[in-house]
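Same chain, two partners: chain A is paired with chain B first, then with chain C.
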Partner chain A sequence: MSSPSTSSISSAAATVGELLAGSARPAEDRGILDEGAKREIRRAALSAVCVPGYQVPFGSREMPVARGWGSGGLQVTLAVVGAADTVKVIDQGDDDGVNATNLRRLITGSVGCAETTDSREASVVQTRHRVPEQPLAADDVLVLQVPVPEPLRGVQKSVAECARMHAEADYSSIWVSLYEDLVHNGVISRSTGYPVLVDGRYVMATTPIPRWDVPRLHRSTHLSLFGAGREKRIYAVPPYTDVVPLTFDDVPFEVEGARGARCARCGSVDTFLVEHGSARFGCSDTEWCDRVRAGDADAEAHRAAAPLALLPEAARRAGRQRPPVETRPLPPPRRTGCADGTDWTLKVDRIGKVHGPGGAAAVPGTGPEHRTAVSPVTGAVVAAWDIGFDVAPGEALGLIGESGSGKSTVLRCLVGEEAATTGTVRLAAVDRGRTDVLSLTPAQRRRLRIDVLGFVHQDPAAGLTLNVTAGGNIAERLTAAGWRSYRDIRARAAALLDRVEVPLVRMDDPVATFSGGMRQRVQIAKALATDPAVLLLDEPTTGLDASVAAGVLDLLRGLLAERDAAAVVVSHDFGVIEALTDRSLVMQLGRVVEQGLTDQLFRDPHHPYTQRLVAAARR
Partner chain B sequence: MYEPVLEIRSLRKTFTLHTVDGRTVVSLRGIDLDVSAGEHVALAGASGAGKSSLLRCVHRSYLPDAGTVTLHTGGGPVELTALPDRAMARLRGRELGYVAQFLTTPPRTGPLEVVAAAGRRRGLRGPEASEAAAAALRRLALDEALWDVDCGVLSGGERQRVNLAAGTVSPPRVLLLDEPVSALDPANRERALALMESLTGRGVAVLAVYHDTAVMHRLASRVVRLADGLVVAEGSPDEVLGAVA
Partner chain C sequence: MGYSGARGGLAAILAAEDLVRSARDRGPQPWAGTEQILARFRLAVDRVMGEAGLYHEATAADAFRQAEGDPLEAAHLVRAHRSTLPRIAVSEPVDPDEMTVLRRIVPAHRTPDGPQLLGRTSDYTGRRLERPDGPPDPPAGGLPANGSATPARTAAQRHPRRFSALLRQADLLVDHPADRDDEPFDIIRRPARPGAPRSAVLASMARAETGALVGLWYRSVLGPDGHIHEVTLGEVRHGRLPLRVRHPHTDAPVTIGEFRVTETEAIEDLDEADEDRTRFDLGYGLCLGHNERKAIAMANLDIACRRFGRDGPLEQLLLLTTDGLDSGGFLEHLKLPHYVTFRSMVERKQAMREQREVAAQPTEPLGRDCR
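The block that comes next holds the complex of A and B.
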């Protein structure tokens, strides 16, 4: 690299034109990408190699091909290829397609390198749809043109949420999509873009290639670089890296194809075949096909490496999609105690939440005695202040109060949907109660919601994915907790749905087709999926009509007695609180105004507010 | 004589009615009362004398203002008025039973389940609780066809028998009964009385309110008369109520 001489820059009389004329420029620059762009792409590619499977953003340039026609792969190729390289370009496994030919001309014309159609001669292979049948050599680079780099795109629309899921390796939604695929189709039907786990960390889309080629990325000798021009992402699989297709432990990964199918031209049975007319197949990789016909291919080694053992086999998956007819009852709960020997499962100390400026300074002048939650000093809303309680296993605590009294705020602070302004929350299941849960990272707190805290929202739509089946919604929790056996997940989901009295014939129907009461039952089953030690119920029956609410209430009463969980029940309805809880806190304008045994609060309320509530509840 | 199981000292209760105009209603003005194991103490007195309030203050459905209620459990004495709510809730199941005049059950639950649940709270295991519940209901002659129907559809007398069965199955140390036989016809009433009679033989301390002096004569080992929130007389049924004519 050369740089302009310092003397010409320091010259006071120089014009821009003179400066440019004085600077050293490449003698010949026919390149499509300037050196700066190449550097940036190389940097992104190096980052991608360092973090296998991670999508590295890069400043994708305009290319003389339409986006979606290989602009990402082209940029990567132009950045890595040098004049001494030999380039091969294939499209659908074919060297002679219009697109492949044009890209090859563009690359060789721009860089001045050699071109070939023989994979053995090529040092850089740019491809769309295929990995060449001929194994690549150790220092070769395979560049894949990627249309959709995000493996989570199908299950999560928000880019920010996808980034979070990758960051936390939270891939349960992709497992749910595999589960749903199995439920609906009996097999995992996804072909191109099969999700793989790279190096045990990132889930990666193999978008352009069929499932047939996926096993060939695993511990490959060559470097694979994936370029997505439209989406501005580069990712990589370095040589000798684990690439494992996601599948359940008891559901074998399968490649496309049928046993006994053979290429009509060369007779190969161990290549990726595409249909030519009816019931006739041909090799997708035309180079390989030609060489087999010419006797110029190591067919024996190729057959040994081909994924023939992964061809579909009906016997292995018979009867997979039917819901289980019999269910076993849920196993009894398991609970851990606290370090200090006390018996609480959940302990909340002086929780406070202020919406708006001021924090604790906004609190004076608010509360029931001032008849307002709005701070006269800062104008902030004190939604909850100085709330404390603890709950033991098998105990249910009620939080009762009118709308806006702050009871749901407390629950949301517990679960992490809102950040508490002050206070501590301890769980027996976390560090045996020594750690303040509020001090954990958002990722750790999300983790808690998977295996320690079960949450039932007033609106089932908030706790369920409506276009996913009832079983799939439960599978989301189970896969998040690490369950990887399809049969075990099915059995557990069936047992849970049976327990909440959802008919098993509806197990494989999307929750969107369920009635409100049935959805609430599914939400309860989902909350119970991992047998959480703490159950948080936010107005669990409020959105339901009376008869349905009664059924859900009966169910919850049975479950609380049976699961030995510590429960917090938020409701404005004394009937719900009375049916479910032993002890209660009465909240008004963000404060606890009275607490006691639930029946005592109901029969002998002391605080004027509680007396008003009780009087109102007597109809 | 047995040691007292339940000791009530200077118990006071005043209600403040904020929803009316903040006026206060005095219910108990300082009650002292002991109940021993195997003793059956009946509370007598006019309506509003504080009989039911006393039972509820012991059960903590009402929170007393002052005074103490000490329950002598296997694990030592426990002062109930200052007991934390959670401990009180647990104690209620095992040690302290309360049979109200009217059945308050969880809605949509059948008699067998109501009684079995009470048994489970007192430490009976699943099948054991169901057997004990069935035996209790049979003893009170509740028609077996009604065992699994919603308690809400039962007659007053049937409900009262369910209530009594739930209160007495695997009986707790102290049993509080508030007019437990008020709605029963003579035959069923006789069964219920026989059941309650048998409790004292099993060492249960009973504190009860009856409106019927004949019942007190039959069951009570001691009668305590309340008037205006105070104990005004105490002694054998004959002493307090006068001999049966």
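The block that comes next holds the complex of A and C.
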């Protein structure tokens, strides 16, 4: 949104008085918001209608009410309301709350529109925390005051990261939070502001309206505009738009209910009830309550529209399951096979990485024959240069070398954690191997890590979220890949954990409580969760005690044989490479100095550097 | 009743307003006129102007009186007032080198170019509470013609060369490639989020609540995190700058007034591996009115944000957590009724209890939300 330029105003008039007269500023609005600001807000609201559920930034102005007291809703209302409108304002469903009273006074005072408490007469309803019980008409606008517009804030504190997650529809962390909630509490314990998926695209915060009101936004006839003044965001649910609460397919979304509760004033059992005196309930919507008492409400239509089918029913809940005692064995993977006309799943060509200036110009004078990786020309570090290999399904390739030889750099370039200076990477799963993976956008490359590339880090903490359960860590990968059945996710996680020999009684414990070896097993299970075609292992046993490492190595050997993935194993330890791989590349100072079948290299190393590595492994 | 009960809410609100008005405006003491407030409470008025982001002394003074001396409330009044005003012109860029200094100190040098000009400050006065019975007697012999006991300064002394110019001359400052001369980020018209240009961070700090900035700075000193250096101040100035706009007919810049600012340059030691450790860098702070605490915190946080802001939380902290209206408003919203959301929470507690067939400690959900 660009600032209005001054020249268009200043060229036309001479005095400040004329300038003021020339800028559209009706006298009645002088109290709160100037016309230019209203125009900006309307533009933002129109953008919001065009992209349902997307948070549109806007130049939120300071209002005569505190930020948090409806300054966003007030700006939206002032921007859309005209003198011919009739406005209703509620807080907690009540027309007479202090906040509602105060806002109504400000709106009607500055716009000169009519006010009402009857939803049927209102053309604009501004509300905090409720959707009126009376269904709104097709032309009506519901303006909701929003304290916190970001549905992901609870799972991600960085606003830049939240923006990225929305842009890429990367919502697995909020799914994991629902999974964890179910594991720990047996129900989804989120109360108000329940996250919803709007129009199948954006996850949106439903302000803090109760869950009771959430289904009432789904395909509603009216327009809902959400104004967050403090955080400077407007978003919208246009009429007839899908609004679907986030929950697993087999876990019912529940609205608030209390057994046998009815309104102590009007007797309704199909409204949102709040505590009313001790041990009693009353309608939070005071207008509806009064009209039911007066016999002026279409109770039948209301009952038909009320979310009674979503009242809690313990029998339907997935329940707080114990970890499954028995699991079915992990089913065999489905494979895409090789790239067209080839026999590889992964092909890396002439990959190079230079840290520092010069790019390819930094390469001459570096490498094993010069005994340095530092460029004599530019001072840059040539971490890896001219590395190429391909890997077939079911094959494991080793990259071995001392620390600093560039083997992990190659792996990081491959997976996208570092940008390669040169080279290409092709995957059978991407465009049948015709597209260079390095040419993809960062978002596309992140996507590959969900179901094409599995990565096992040396440090389990780099691949796991430590405060999340073992099952939840696997659920992160599965939900990212689109899994939406709680039972299926748990069954798959249990099968994976069982396969990597993590006791299932630990499935619902946070991995922070696990030993190093156990964490590494969970990380391996997570990497295998979606049966990726390519498995990348970076020093998978290096951080472990010798006896624990031996167990993990045995496990990996079995898995590589069984899962039919193309694997790349990086290690400084010839023992690991020998145990896991068929072919190997020996790297020194960023170059490949020798390659061949692993057992031959191990038996009969030619290069002196390889001989040293082999000798070290045999000690 | 009156809080959220039956009609009568408005009457209660009006009664509450009346209590404020009658005690504040119709008490037994003489009315505090705008001029009176400007003369007696200069620093409070300056702070209001800075945090409001609007320079007009009389407006800020009126807000200060209406807010019963609460500077944040006064800044809110001024900002809400500004929301009613159309923007009819944008000033020409201000050149801080044009400043006529009223006060200027250079802690990094004993004898800088130009004077160490203490000016109007109580920095060097013992903080002893004075309890006078009435206005003090005029000094014996009367005031000098210019109202000050010291001789008038020359124009050159009022426009001293910056200490940083000396550093630059000695090749001791990192030479930043000149930024593209983009339009500054207008935080009033566009919400600034991490990834915003430096001008957005500077504007956010200039308008921030003073205490929030100082607190954020000090958190790095004695808090559990942060690695902001303690800088050496090269320049602390308070002075007057001309304000120019282009004439609507002739398009020539015309000076339409003056405003006071506080300006600080902070010299930063560079010690990261990828930095030029043989040179210094400069942090910059400038805010409306006389508010040295704010300008100094701002200069230090500016250089810290340029060095570490994107890699850590500092940029988000500066852009999104230092505005007094935002933080204060959100805190105050807790006073609003929350019984709908609370009822929903109670219902979930009961649902969780129902599900307690399995003995295991329920733990906190991974994501927690504000309501």
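Going forward, the second predicted complex is superposed on the first by the 575 of 619 C-alpha atoms of A that agree within 3 Å, B and C clash if a C-alpha of one lies under 4 Å from a C-alpha of the other, contacts with A are read in each partner's own complex, and residues count from 1 in each chain.
We take it that a contact is a pair of C-beta atoms (placed from the backbone, for glycine too) under 8 Å apart; a residue touches a chain by one contact, two chains touch by 3 or more.
Everything numeric here is computed off the predicted structure, so don't read it as measured data.
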**OP:** With everything superposed onto chain A, say whether chain B and chain C fit together or clash.
**Re:** fit
**OP:** Have a look at where A:P239 lands relative to chain B and chain C in the superposition and call it first, second, both or neither.
**Re:** neither
Subject >> chain B or chain C, by number of chain A residues touched >> reply: C
**OP:** Using the superposed model, determine the angle chain B, chain A, chain C defined by their C-alpha centres, to the nearest 10 degrees.
**Re:** 130
**OP:** Please indicate which partner A:E256 is in contact with in the superposed arrangement: first for chain B, second for chain C, both, or neither.
**Re:** second
Original post:
A:R603 contacts which: chain B (first), chain C (second), both, neither?
Top reply: first
Original post:
Given the touch rule stated above, what does A:G404 touch, chain B (first), chain C (second), both, or neither?
Top reply: neither
Subject >> Touched partner set for A:G68, first chain B, second chain C, both or neither >> reply: second
Subject >> After superposition on chain A, the shortest CA separation from chain B to chain C (Å) >> reply: 36
Subject >> Touch list for chain A against partner chain C, complex >> reply: 1, 3-4, 6, 9-14, 16, 19-20, 23, 25, 29-37, 40, 57-64, 66-69, 71, 91-94, 96-102, 105, 128-130, 147-148, 153-155, 158-160, 163, 174, 176-177, 180-181, 184-187, 189-193, 205, 208-212, 230-233, 254, 256-258, 272-275, 284, 312, 314, 317, 319-322, 467-468, 472, 508
Original post:
Which positions of chain B touch chain A when the two form their complex?
Top reply: 15-19, 56, 60-63, 85-86, 88-89, 106-109, 117
Original post:
Which part of chain C faces chain A closely enough to touch in the complex?
Top reply: 2-10, 12-13, 76, 79-80, 82-90, 183, 186, 188-191, 193-195, 246, 248-249, 313, 316, 320, 325-326, 328-333, 336-341, 343-348, 350-352, 354-358, 360, 362-363, 365-371
**OP:** Enumerate the contact residues on chain A facing chain B in the complex.
**Re:** 392, 395, 550, 554, 557, 561, 579, 582-583, 595-597, 599-600, 603-604, 606-608, 611-612, 615
